[in-house]
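Below are two complexes that have chain A in common, paired first with chain B and then with chain C.
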Partner chain A sequence: MAERPEDLNLPNAVITRIIKEALPDGVNISKEARSAISRAASVFVLYATSCANNFAMKGKRKTLNAGDVLSAMEEMEFQRFVAPLKESLEVYRREQKGKKEARKDKDKKADSEEQDKSREEDNDDDDERMEEEEQNEEEEVDN
Partner chain B sequence: AEMAAARLSGTENRLVSLPLSRIRVIMKSSPEVSSINQDALFLTAKATELFVQYLATYSYKHGRGKEKNALTYTDLSHTAEECETFQFLADILPKKILASKYLKMLEKEKRDGEVREDDDEGEKEEDEDKA
Partner chain C sequence: PGGARLARLPLARVKALVKADPDVTLASQEAVFVLARATELFVETIAKDAYMYAQQGKRKTLQRKDLDNAIEAIDEFAFLE
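Moving on, here comes the complex of A and B:
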(Lines of atoms letter the chains of each structure in order from A and count residues from 1; the text may use other names and numbers.)
(Lines give C-alpha, C1' and ligand atoms only; values in the text may rest on other atoms or scores of the structure.)
Protein backbone atom coordinates (compact mmCIF):
# COMPACT_ATOMS: atom_id res chain seq x y z
CA MET A 1 0.00 0.00 0.00
CA ALA A 2 1.53 3.30 -1.06
CA GLU A 3 1.33 5.98 1.58
CA ARG A 4 0.14 9.41 0.63
CA PRO A 5 2.30 12.14 2.19
CA GLU A 6 -0.46 13.21 4.59
CA ASP A 7 -0.76 9.67 5.96
CA LEU A 8 2.64 9.99 7.60
CA ASN A 9 1.40 13.01 9.54
CA LEU A 10 -0.50 12.87 12.78
CA PRO A 11 -3.89 14.60 13.11
CA ASN A 12 -3.41 18.32 13.82
CA ALA A 13 -6.32 18.56 16.23
CA VAL A 14 -4.97 15.81 18.48
CA ILE A 15 -1.40 17.16 18.44
CA THR A 16 -2.67 20.64 19.31
CA ARG A 17 -4.72 19.27 22.18
CA ILE A 18 -1.78 17.34 23.63
CA ILE A 19 0.43 20.44 23.47
CA LYS A 20 -2.21 22.69 25.01
CA GLU A 21 -2.78 20.31 27.90
CA ALA A 22 0.96 20.10 28.57
CA LEU A 23 1.58 23.85 28.65
CA PRO A 24 0.32 26.32 31.25
CA ASP A 25 -3.04 27.96 30.60
CA GLY A 26 -2.99 30.97 28.32
CA VAL A 27 0.20 30.08 26.47
CA ASN A 28 -0.16 30.52 22.72
CA ILE A 29 1.32 28.11 20.26
CA SER A 30 2.23 29.52 16.88
CA LYS A 31 0.98 27.60 13.86
CA GLU A 32 4.57 27.09 12.84
CA ALA A 33 5.47 25.64 16.22
CA ARG A 34 2.51 23.28 16.14
CA SER A 35 3.40 22.10 12.65
CA ALA A 36 7.02 21.62 13.69
CA ILE A 37 6.03 19.53 16.72
CA SER A 38 3.79 17.39 14.52
CA ARG A 39 6.67 16.70 12.15
CA ALA A 40 8.93 15.99 15.11
CA ALA A 41 6.40 13.47 16.41
CA SER A 42 6.36 11.60 13.09
CA VAL A 43 10.16 11.52 13.09
CA PHE A 44 10.02 10.24 16.65
CA VAL A 45 7.79 7.33 15.58
CA LEU A 46 10.20 6.42 12.78
CA TYR A 47 13.23 6.64 15.05
CA ALA A 48 11.54 4.61 17.79
CA THR A 49 10.39 1.99 15.30
CA SER A 50 13.84 1.63 13.81
CA CYS A 51 15.38 1.35 17.26
CA ALA A 52 12.77 -1.16 18.48
CA ASN A 53 13.24 -3.20 15.34
CA ASN A 54 16.95 -3.52 16.08
CA PHE A 55 16.07 -5.09 19.42
CA ALA A 56 13.61 -7.46 17.76
CA MET A 57 16.24 -8.51 15.23
CA LYS A 58 18.74 -9.07 18.04
CA GLY A 59 16.18 -11.41 19.58
CA LYS A 60 15.70 -13.05 16.17
CA ARG A 61 12.03 -12.07 16.11
CA LYS A 62 10.10 -10.64 13.22
CA THR A 63 7.39 -9.08 15.33
CA LEU A 64 8.04 -5.93 17.35
CA ASN A 65 6.84 -6.43 20.90
CA ALA A 66 6.32 -4.27 23.99
CA GLY A 67 9.79 -5.02 25.36
CA ASP A 68 11.41 -3.83 22.13
CA VAL A 69 9.65 -0.47 22.34
CA LEU A 70 10.62 0.00 26.00
CA SER A 71 14.24 -0.90 25.21
CA ALA A 72 14.15 1.60 22.37
CA MET A 73 13.03 4.36 24.74
CA GLU A 74 16.04 3.72 26.97
CA GLU A 75 18.35 3.60 23.98
CA MET A 76 16.98 6.93 22.73
CA GLU A 77 17.57 8.53 26.14
CA PHE A 78 13.89 8.76 27.00
CA GLN A 79 14.18 6.64 30.14
CA ARG A 80 11.73 9.01 31.81
CA PHE A 81 9.01 7.52 29.63
CA VAL A 82 9.56 3.92 30.71
CA ALA A 83 7.71 3.94 34.06
CA PRO A 84 4.59 5.79 32.80
CA LEU A 85 4.56 3.59 29.70
CA LYS A 86 4.61 0.43 31.80
CA GLU A 87 1.70 1.74 33.87
CA SER A 88 -0.31 2.63 30.78
CA LEU A 89 0.43 -0.76 29.27
CA GLU A 90 -1.06 -2.52 32.28
CA VAL A 91 -4.25 -0.50 31.99
CA TYR A 92 -4.36 -1.14 28.25
CA ARG A 93 -3.92 -4.89 28.64
CA ARG A 94 -6.69 -5.02 31.22
CA GLU A 95 -8.96 -3.02 28.90
CA GLN A 96 -8.24 -5.36 26.00
CA LYS A 97 -8.89 -8.39 28.18
CA GLY A 98 -12.17 -6.88 29.31
CA LYS A 99 -13.21 -6.27 25.71
CA LYS A 100 -12.38 -9.83 24.81
CA GLU A 101 -14.46 -11.19 27.68
CA ALA A 102 -17.34 -8.93 26.70
CA ARG A 103 -17.18 -10.13 23.10
CA LYS A 104 -17.15 -13.77 24.15
CA ASP A 105 -20.18 -13.25 26.38
CA LYS A 106 -22.01 -11.35 23.66
CA ASP A 107 -21.40 -14.12 21.15
CA LYS A 108 -22.48 -16.77 23.62
CA LYS A 109 -25.79 -14.97 24.03
CA ALA A 110 -26.24 -14.74 20.26
CA ASP A 111 -25.50 -18.44 19.93
CA SER A 112 -27.89 -19.49 22.62
CA GLU A 113 -30.61 -20.39 20.12
CA GLU A 114 -28.31 -22.50 17.89
CA GLN A 115 -27.26 -26.11 18.34
CA ASP A 116 -24.02 -27.15 20.04
CA LYS A 117 -22.29 -28.09 16.79
CA SER A 118 -22.76 -24.69 15.14
CA ARG A 119 -21.75 -22.97 18.38
CA GLU A 120 -18.34 -24.66 18.17
CA GLU A 121 -17.86 -23.42 14.60
CA ASP A 122 -18.69 -19.87 15.66
CA ASN A 123 -16.12 -20.08 18.43
CA ASP A 124 -13.53 -20.96 15.80
CA ASP A 125 -14.42 -17.76 13.94
CA ASP A 126 -14.00 -15.89 17.21
CA ASP A 127 -10.50 -17.32 17.55
CA GLU A 128 -9.56 -16.08 14.09
CA ARG A 129 -10.89 -12.61 14.80
CA MET A 130 -9.01 -12.35 18.05
CA GLU A 131 -5.80 -13.67 16.53
CA GLU A 132 -3.94 -10.43 17.20
CA GLU A 133 -4.92 -10.37 20.82
CA GLU A 134 -3.98 -14.00 21.30
CA GLN A 135 -0.68 -13.20 19.70
CA ASN A 136 -0.34 -10.58 22.42
CA GLU A 137 -0.79 -13.21 25.07
CA GLU A 138 1.87 -15.38 23.49
CA GLU A 139 4.19 -12.38 23.37
CA GLU A 140 3.45 -11.67 27.01
CA VAL A 141 4.73 -15.13 27.89
CA ASP A 142 7.91 -14.44 25.96
CA ASN A 143 8.35 -11.18 27.87
CA ALA B 1 -8.05 1.59 38.20
CA GLU B 2 -10.24 4.23 36.56
CA MET B 3 -8.47 6.98 38.44
CA ALA B 4 -5.13 5.65 37.29
CA ALA B 5 -6.34 5.72 33.71
CA ALA B 6 -7.58 9.29 34.06
CA ARG B 7 -4.29 10.40 35.59
CA LEU B 8 -2.28 8.73 32.88
CA SER B 9 -4.27 9.81 29.83
CA GLY B 10 -4.57 13.54 30.41
CA THR B 11 -6.85 13.99 27.43
CA GLU B 12 -10.58 13.49 28.01
CA ASN B 13 -9.85 10.44 30.19
CA ARG B 14 -8.83 8.37 27.18
CA LEU B 15 -5.84 6.10 27.58
CA VAL B 16 -4.30 7.30 24.32
CA SER B 17 -5.46 10.05 21.94
CA LEU B 18 -3.29 9.51 18.91
CA PRO B 19 -4.97 7.11 16.47
CA LEU B 20 -3.29 3.70 16.50
CA SER B 21 -4.12 3.19 12.82
CA ARG B 22 -2.12 6.26 11.80
CA ILE B 23 0.78 5.32 14.07
CA ARG B 24 0.78 1.89 12.43
CA VAL B 25 0.98 3.45 8.95
CA ILE B 26 4.03 5.48 9.94
CA MET B 27 5.70 2.47 11.58
CA LYS B 28 5.04 0.24 8.57
CA SER B 29 6.61 2.80 6.25
CA SER B 30 9.92 1.49 7.59
CA PRO B 31 10.91 -1.19 5.08
CA GLU B 32 12.66 -3.47 7.56
CA VAL B 33 9.63 -3.84 9.84
CA SER B 34 7.59 -7.02 9.29
CA SER B 35 4.88 -7.04 11.90
CA ILE B 36 3.91 -5.13 15.00
CA ASN B 37 2.37 -6.65 18.11
CA GLN B 38 -0.69 -4.77 19.42
CA ASP B 39 1.03 -3.87 22.70
CA ALA B 40 4.03 -2.45 20.81
CA LEU B 41 1.67 -0.33 18.70
CA PHE B 42 -0.08 1.01 21.79
CA LEU B 43 3.26 1.77 23.51
CA THR B 44 4.58 3.61 20.47
CA ALA B 45 1.45 5.75 20.30
CA LYS B 46 1.60 6.50 24.02
CA ALA B 47 5.34 7.22 23.87
CA THR B 48 4.71 9.67 21.03
CA GLU B 49 2.21 11.53 23.18
CA LEU B 50 4.72 11.71 26.04
CA PHE B 51 7.28 12.93 23.53
CA VAL B 52 5.02 15.74 22.28
CA GLN B 53 4.37 16.83 25.87
CA TYR B 54 8.08 16.71 26.73
CA LEU B 55 9.21 18.59 23.60
CA ALA B 56 6.58 21.29 24.12
CA THR B 57 7.24 21.86 27.83
CA TYR B 58 11.02 21.69 27.52
CA SER B 59 11.06 24.16 24.62
CA TYR B 60 8.72 26.50 26.45
CA LYS B 61 10.84 26.44 29.61
CA HIS B 62 14.21 26.82 27.90
CA GLY B 63 13.17 28.92 24.95
CA ARG B 64 15.08 32.14 24.46
CA GLY B 65 12.15 33.63 22.63
CA LYS B 66 11.15 37.12 23.60
CA GLU B 67 7.54 36.18 24.14
CA LYS B 68 6.87 34.60 27.49
CA ASN B 69 3.32 33.57 26.81
CA ALA B 70 3.95 31.79 23.55
CA LEU B 71 5.72 28.75 22.23
CA THR B 72 7.43 29.62 18.97
CA TYR B 73 9.31 27.78 16.26
CA THR B 74 12.53 29.40 17.48
CA ASP B 75 12.05 27.81 20.91
CA LEU B 76 11.80 24.42 19.26
CA SER B 77 14.79 24.75 16.94
CA HIS B 78 16.82 26.05 19.87
CA THR B 79 15.92 22.91 21.82
CA ALA B 80 16.91 20.67 18.90
CA GLU B 81 20.29 22.34 18.72
CA GLU B 82 21.09 22.66 22.44
CA CYS B 83 19.61 19.56 24.03
CA GLU B 84 21.33 16.25 23.28
CA THR B 85 18.16 14.23 23.72
CA PHE B 86 16.45 16.18 20.95
CA GLN B 87 19.38 16.40 18.59
CA PHE B 88 17.85 13.83 16.26
CA LEU B 89 15.43 16.62 15.31
CA ALA B 90 18.14 19.11 14.32
CA ASP B 91 17.75 18.49 10.60
CA ILE B 92 13.99 18.98 10.53
CA LEU B 93 14.01 21.98 12.88
CA PRO B 94 16.78 24.11 11.41
CA LYS B 95 17.53 27.53 12.81
CA LYS B 96 15.98 30.32 10.85
CA ILE B 97 17.73 33.37 9.61
CA LEU B 98 16.28 36.49 8.04
CA ALA B 99 16.87 36.57 4.29
CA SER B 100 18.30 40.09 4.64
CA LYS B 101 20.79 38.90 7.26
CA TYR B 102 21.83 35.98 5.08
CA LEU B 103 22.41 38.24 2.09
CA LYS B 104 24.51 40.55 4.26
CA MET B 105 26.55 37.55 5.43
CA LEU B 106 27.20 36.53 1.83
CA GLU B 107 28.25 40.04 0.89
CA LYS B 108 30.55 40.31 3.86
CA GLU B 109 32.23 37.00 2.99
CA LYS B 110 32.70 38.21 -0.53
CA ARG B 111 34.20 41.50 0.62
CA ASP B 112 36.52 39.77 3.11
CA GLY B 113 37.70 37.55 0.28
CA GLU B 114 38.48 40.56 -1.92
CA VAL B 115 40.36 42.38 0.84
CA ARG B 116 42.42 39.28 1.57
CA GLU B 117 43.32 38.90 -2.07
CA ASP B 118 44.69 42.47 -2.14
CA ASP B 119 46.77 41.74 0.98
CA ASP B 120 48.12 38.55 -0.56
CA GLU B 121 49.56 40.35 -3.57
CA GLY B 122 52.95 40.53 -1.97
CA GLU B 123 52.78 37.13 -0.27
CA LYS B 124 53.07 33.67 -1.59
CA GLU B 125 51.26 31.85 1.18
CA GLU B 126 47.59 31.10 0.72
CA ASP B 127 45.19 30.93 3.54
CA GLU B 128 43.07 27.84 3.01
CA ASP B 129 41.22 27.97 6.27
CA LYS B 130 38.62 30.54 5.38
CA ALA B 131 35.68 29.40 7.44
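Moving on, here comes the complex of A and C:
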Protein backbone atom coordinates (compact mmCIF):
# COMPACT_ATOMS: atom_id res chain seq x y z
CA MET A 1 0.00 0.00 0.00
CA ALA A 2 1.58 3.27 -1.08
CA GLU A 3 1.84 5.96 1.56
CA ARG A 4 0.16 9.21 0.73
CA PRO A 5 2.21 12.31 1.62
CA GLU A 6 -0.38 13.49 4.14
CA ASP A 7 0.08 10.29 6.11
CA LEU A 8 3.52 11.44 7.13
CA ASN A 9 2.11 14.64 8.56
CA LEU A 10 0.75 14.99 12.03
CA PRO A 11 -2.85 16.20 12.40
CA ASN A 12 -3.03 20.00 12.18
CA ALA A 13 -5.73 20.31 14.81
CA VAL A 14 -3.68 18.48 17.43
CA ILE A 15 -0.49 20.38 16.62
CA THR A 16 -2.36 23.68 16.86
CA ARG A 17 -3.85 22.72 20.20
CA ILE A 18 -0.47 21.78 21.64
CA ILE A 19 1.03 25.08 20.44
CA LYS A 20 -1.85 27.13 21.86
CA GLU A 21 -1.64 25.43 25.23
CA ALA A 22 2.10 26.09 25.39
CA LEU A 23 1.67 29.80 24.75
CA PRO A 24 -0.03 32.48 26.85
CA ASP A 25 -3.70 33.30 26.26
CA GLY A 26 -4.38 35.69 23.43
CA VAL A 27 -1.35 34.67 21.39
CA ASN A 28 -2.04 33.63 17.81
CA ILE A 29 -0.12 31.55 15.34
CA SER A 30 0.06 32.31 11.66
CA LYS A 31 -0.78 29.46 9.29
CA GLU A 32 2.77 29.47 7.98
CA ALA A 33 4.25 29.20 11.46
CA ARG A 34 1.89 26.35 12.31
CA SER A 35 2.81 24.47 9.13
CA ALA A 36 6.49 24.98 9.82
CA ILE A 37 6.12 23.60 13.33
CA SER A 38 4.14 20.64 12.05
CA ARG A 39 6.84 19.84 9.50
CA ALA A 40 9.50 20.25 12.17
CA ALA A 41 7.60 17.79 14.36
CA SER A 42 7.59 15.19 11.57
CA VAL A 43 11.31 15.68 11.06
CA PHE A 44 11.77 15.30 14.80
CA VAL A 45 10.05 11.91 14.73
CA LEU A 46 12.12 10.73 11.78
CA TYR A 47 15.38 11.90 13.32
CA ALA A 48 14.53 10.48 16.76
CA THR A 49 13.56 7.16 15.16
CA SER A 50 16.83 6.92 13.31
CA CYS A 51 18.75 7.77 16.47
CA ALA A 52 16.77 5.30 18.56
CA ASN A 53 17.26 2.61 15.96
CA ASN A 54 21.01 2.96 16.29
CA PHE A 55 20.69 2.09 19.95
CA ALA A 56 18.54 -0.93 19.14
CA MET A 57 21.06 -2.14 16.59
CA LYS A 58 23.89 -1.61 19.08
CA GLY A 59 21.97 -3.86 21.44
CA LYS A 60 21.54 -6.40 18.65
CA ARG A 61 17.77 -6.02 18.87
CA LYS A 62 15.38 -5.87 15.97
CA THR A 63 12.67 -4.18 17.92
CA LEU A 64 12.95 -0.54 18.86
CA ASN A 65 11.94 -0.13 22.50
CA ALA A 66 11.08 2.74 24.86
CA GLY A 67 14.60 2.77 26.31
CA ASP A 68 16.04 3.32 22.85
CA VAL A 69 13.83 6.37 22.39
CA LEU A 70 14.95 7.77 25.76
CA SER A 71 18.58 7.21 24.80
CA ALA A 72 17.89 9.02 21.53
CA MET A 73 16.54 12.03 23.44
CA GLU A 74 19.78 12.30 25.38
CA GLU A 75 21.80 11.93 22.21
CA MET A 76 19.76 14.69 20.56
CA GLU A 77 20.38 16.99 23.54
CA PHE A 78 16.82 16.83 24.78
CA GLN A 79 17.81 15.40 28.18
CA ARG A 80 15.20 17.54 29.89
CA PHE A 81 12.54 15.48 28.13
CA VAL A 82 13.72 12.26 29.75
CA ALA A 83 12.18 12.69 33.22
CA PRO A 84 8.68 13.70 32.02
CA LEU A 85 8.83 10.94 29.41
CA LYS A 86 9.62 8.35 32.04
CA GLU A 87 6.65 9.55 34.09
CA SER A 88 4.36 9.33 31.09
CA LEU A 89 5.63 5.86 30.35
CA GLU A 90 4.80 4.73 33.88
CA VAL A 91 1.24 5.99 33.52
CA TYR A 92 0.95 4.36 30.11
CA ARG A 93 2.20 1.03 31.46
CA ARG A 94 -0.29 1.11 34.33
CA GLU A 95 -3.09 1.88 31.90
CA GLN A 96 -2.12 -0.96 29.61
CA LYS A 97 -1.91 -3.34 32.56
CA GLY A 98 -5.31 -2.17 33.77
CA LYS A 99 -6.80 -2.84 30.38
CA LYS A 100 -5.33 -6.31 30.29
CA GLU A 101 -6.70 -7.15 33.70
CA ALA A 102 -10.08 -5.73 32.90
CA ARG A 103 -10.26 -8.11 29.99
CA LYS A 104 -9.16 -11.05 32.11
CA ASP A 105 -11.63 -10.16 34.85
CA LYS A 106 -14.44 -9.95 32.37
CA ASP A 107 -13.83 -13.53 31.39
CA LYS A 108 -13.37 -14.70 34.96
CA LYS A 109 -16.54 -12.99 36.13
CA ALA A 110 -18.65 -14.85 33.66
CA ASP A 111 -17.39 -18.13 35.13
CA SER A 112 -17.47 -17.27 38.83
CA GLU A 113 -20.98 -15.88 38.90
CA GLU A 114 -22.27 -19.39 38.70
CA GLN A 115 -20.06 -20.59 41.58
CA ASP A 116 -21.05 -17.73 43.90
CA LYS A 117 -24.61 -18.91 44.10
CA SER A 118 -23.71 -22.22 45.74
CA ARG A 119 -21.19 -20.60 48.13
CA GLU A 120 -23.73 -18.27 49.74
CA GLU A 121 -25.58 -21.12 51.39
CA ASP A 122 -22.49 -22.52 53.10
CA ASN A 123 -21.38 -19.26 54.75
CA ASP A 124 -23.81 -19.35 57.71
CA ASP A 125 -22.40 -22.59 58.96
CA ASP A 126 -18.87 -21.36 58.64
CA ASP A 127 -19.44 -18.35 60.91
CA GLU A 128 -20.42 -20.54 63.85
CA ARG A 129 -17.49 -22.83 63.54
CA MET A 130 -14.93 -20.05 63.10
CA GLU A 131 -14.89 -19.01 66.78
CA GLU A 132 -13.89 -22.42 67.96
CA GLU A 133 -11.32 -22.86 65.32
CA GLU A 134 -9.54 -19.58 65.85
CA GLN A 135 -7.18 -21.21 68.31
CA ASN A 136 -6.20 -23.81 65.85
CA GLU A 137 -3.68 -22.79 63.30
CA GLU A 138 -4.70 -25.62 61.18
CA GLU A 139 -7.57 -24.78 59.00
CA GLU A 140 -9.02 -26.80 56.32
CA VAL A 141 -9.15 -24.91 53.13
CA ASP A 142 -12.53 -25.34 51.62
CA ASN A 143 -12.72 -24.44 47.98
CA PRO B 1 0.45 16.93 35.81
CA GLY B 2 2.22 17.98 32.64
CA GLY B 3 4.61 15.09 32.43
CA ALA B 4 2.26 12.25 33.03
CA ARG B 5 -0.44 12.89 30.48
CA LEU B 6 -1.19 10.41 27.78
CA ALA B 7 -0.46 11.18 24.15
CA ARG B 8 -2.64 13.52 22.15
CA LEU B 9 -0.93 12.74 18.90
CA PRO B 10 -2.52 9.67 17.34
CA LEU B 11 -0.11 6.76 17.76
CA ALA B 12 -1.01 5.38 14.33
CA ARG B 13 0.33 8.50 12.61
CA VAL B 14 3.52 8.45 14.66
CA LYS B 15 3.91 4.78 13.81
CA ALA B 16 3.56 5.57 10.10
CA LEU B 17 6.53 7.91 10.41
CA VAL B 18 8.57 5.28 12.24
CA LYS B 19 7.82 2.72 9.55
CA ALA B 20 8.96 5.17 6.88
CA ASP B 21 12.52 4.48 8.02
CA PRO B 22 13.82 1.58 5.91
CA ASP B 23 16.30 0.57 8.64
CA VAL B 24 13.61 0.04 11.25
CA THR B 25 12.32 -3.53 11.49
CA LEU B 26 9.90 -3.29 14.39
CA ALA B 27 8.96 -0.79 17.06
CA SER B 28 7.25 -1.69 20.33
CA GLN B 29 3.98 0.01 21.24
CA GLU B 30 5.75 1.66 24.15
CA ALA B 31 8.43 3.05 21.85
CA VAL B 32 5.76 4.63 19.63
CA PHE B 33 4.05 6.07 22.69
CA VAL B 34 7.26 7.62 24.04
CA LEU B 35 8.02 9.05 20.59
CA ALA B 36 4.55 10.61 20.45
CA ARG B 37 5.00 12.19 23.88
CA ALA B 38 8.50 13.39 23.00
CA THR B 39 7.14 15.03 19.86
CA GLU B 40 4.52 16.85 21.89
CA LEU B 41 7.21 18.13 24.24
CA PHE B 42 9.23 19.19 21.21
CA VAL B 43 6.29 21.15 19.76
CA GLU B 44 5.76 22.92 23.10
CA THR B 45 9.45 23.73 23.34
CA ILE B 46 9.89 25.10 19.85
CA ALA B 47 6.67 27.13 20.09
CA LYS B 48 7.81 28.74 23.33
CA ASP B 49 11.29 29.45 22.01
CA ALA B 50 9.91 30.99 18.82
CA TYR B 51 7.47 33.05 20.85
CA MET B 52 10.35 34.85 22.56
CA TYR B 53 11.21 36.37 19.17
CA ALA B 54 7.63 37.46 18.60
CA GLN B 55 7.72 39.13 22.01
CA GLN B 56 10.90 40.97 21.08
CA GLY B 57 9.08 42.23 18.01
CA LYS B 58 6.16 43.22 20.28
CA ARG B 59 3.82 40.93 18.40
CA LYS B 60 1.10 38.67 19.68
CA THR B 61 1.13 36.51 16.60
CA LEU B 62 3.76 33.89 16.11
CA GLN B 63 5.15 34.13 12.60
CA ARG B 64 7.30 31.96 10.40
CA LYS B 65 10.32 34.21 10.88
CA ASP B 66 10.13 33.63 14.65
CA LEU B 67 10.51 29.91 13.97
CA ASP B 68 13.42 30.51 11.62
CA ASN B 69 15.15 32.68 14.21
CA ALA B 70 14.69 30.10 16.94
CA ILE B 71 15.99 27.30 14.75
CA GLU B 72 19.06 29.27 13.80
CA ALA B 73 19.83 30.38 17.33
CA ILE B 74 19.24 27.21 19.31
CA ASP B 75 21.68 24.28 19.10
CA GLU B 76 19.12 21.56 19.73
CA PHE B 77 17.23 22.67 16.62
CA ALA B 78 20.23 22.38 14.34
CA PHE B 79 18.86 19.13 12.90
CA LEU B 80 16.06 21.20 11.37
CA GLU B 81 18.29 23.41 9.32
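Throughout what follows, the second predicted complex is superposed on the first by the 107 of 143 C-alpha atoms of A that agree within 3 Å, B and C clash if a C-alpha of one lies under 4 Å from a C-alpha of the other, contacts with A are read in each partner's own complex, and residues count from 1 in each chain.
We take it that a contact is a pair of C-beta atoms (placed from the backbone, for glycine too) under 8 Å apart; a residue touches a chain by one contact, two chains touch by 3 or more.
Predicted model, so just to flag it, every value in this text is computed and none were measured.
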{"item": "Which of chain B and chain C A:94 touches, first, second, both or neither", "value": "first"}
{"item": "Which superposed partner A:83 touches (first chain B, second chain C, both, neither)", "value": "second"}
{"item": "Which superposed partner A:45 touches (first chain B, second chain C, both, neither)", "value": "both"}
{"item": "Those residues of chain A which chain B touches in one complex and chain C touches in the other", "value": "3, 7-8, 10-11, 14-15, 17-19, 21-23, 26-30, 32-33, 36-37, 40-50, 52-53, 57, 62-66, 68-70, 73, 76-78, 81, 84-85, 87-89, 91-93, 95-96"}
{"item": "Touching residues (chain side chain C, partner chain A) in the complex", "value": "1-10, 13-14, 16-18, 20-21, 23-31, 33-35, 37-48, 50-51, 54, 60-64, 66-68, 71, 75-77, 79-80"}
{"item": "Of chain B, residues touching chain A in the complex", "value": "1, 4-5, 8, 10-11, 15-19, 22-23, 25-27, 29-30, 32-40, 42-44, 46-57, 59-60, 67, 69-73, 75-77, 84-85, 88-89, 92-93"}
{"item": "Touching residues (chain side chain A, partner chain C) in the complex", "value": "3, 7-11, 14-15, 17-19, 21-23, 26-30, 32-33, 36-37, 40-50, 52-53, 57, 62-66, 68-70, 73, 76-78, 81, 83-85, 87-93, 95-96"}
{"item": "For the chain A and chain B complex, residues of the former touching the latter", "value": "3, 7-8, 10-11, 14-15, 17-19, 21-23, 26-30, 32-33, 36-37, 39-50, 52-53, 57, 62-66, 68-70, 73, 76-78, 80-81, 84-85, 87-89, 91-96, 132-133, 135-136, 139-140"}
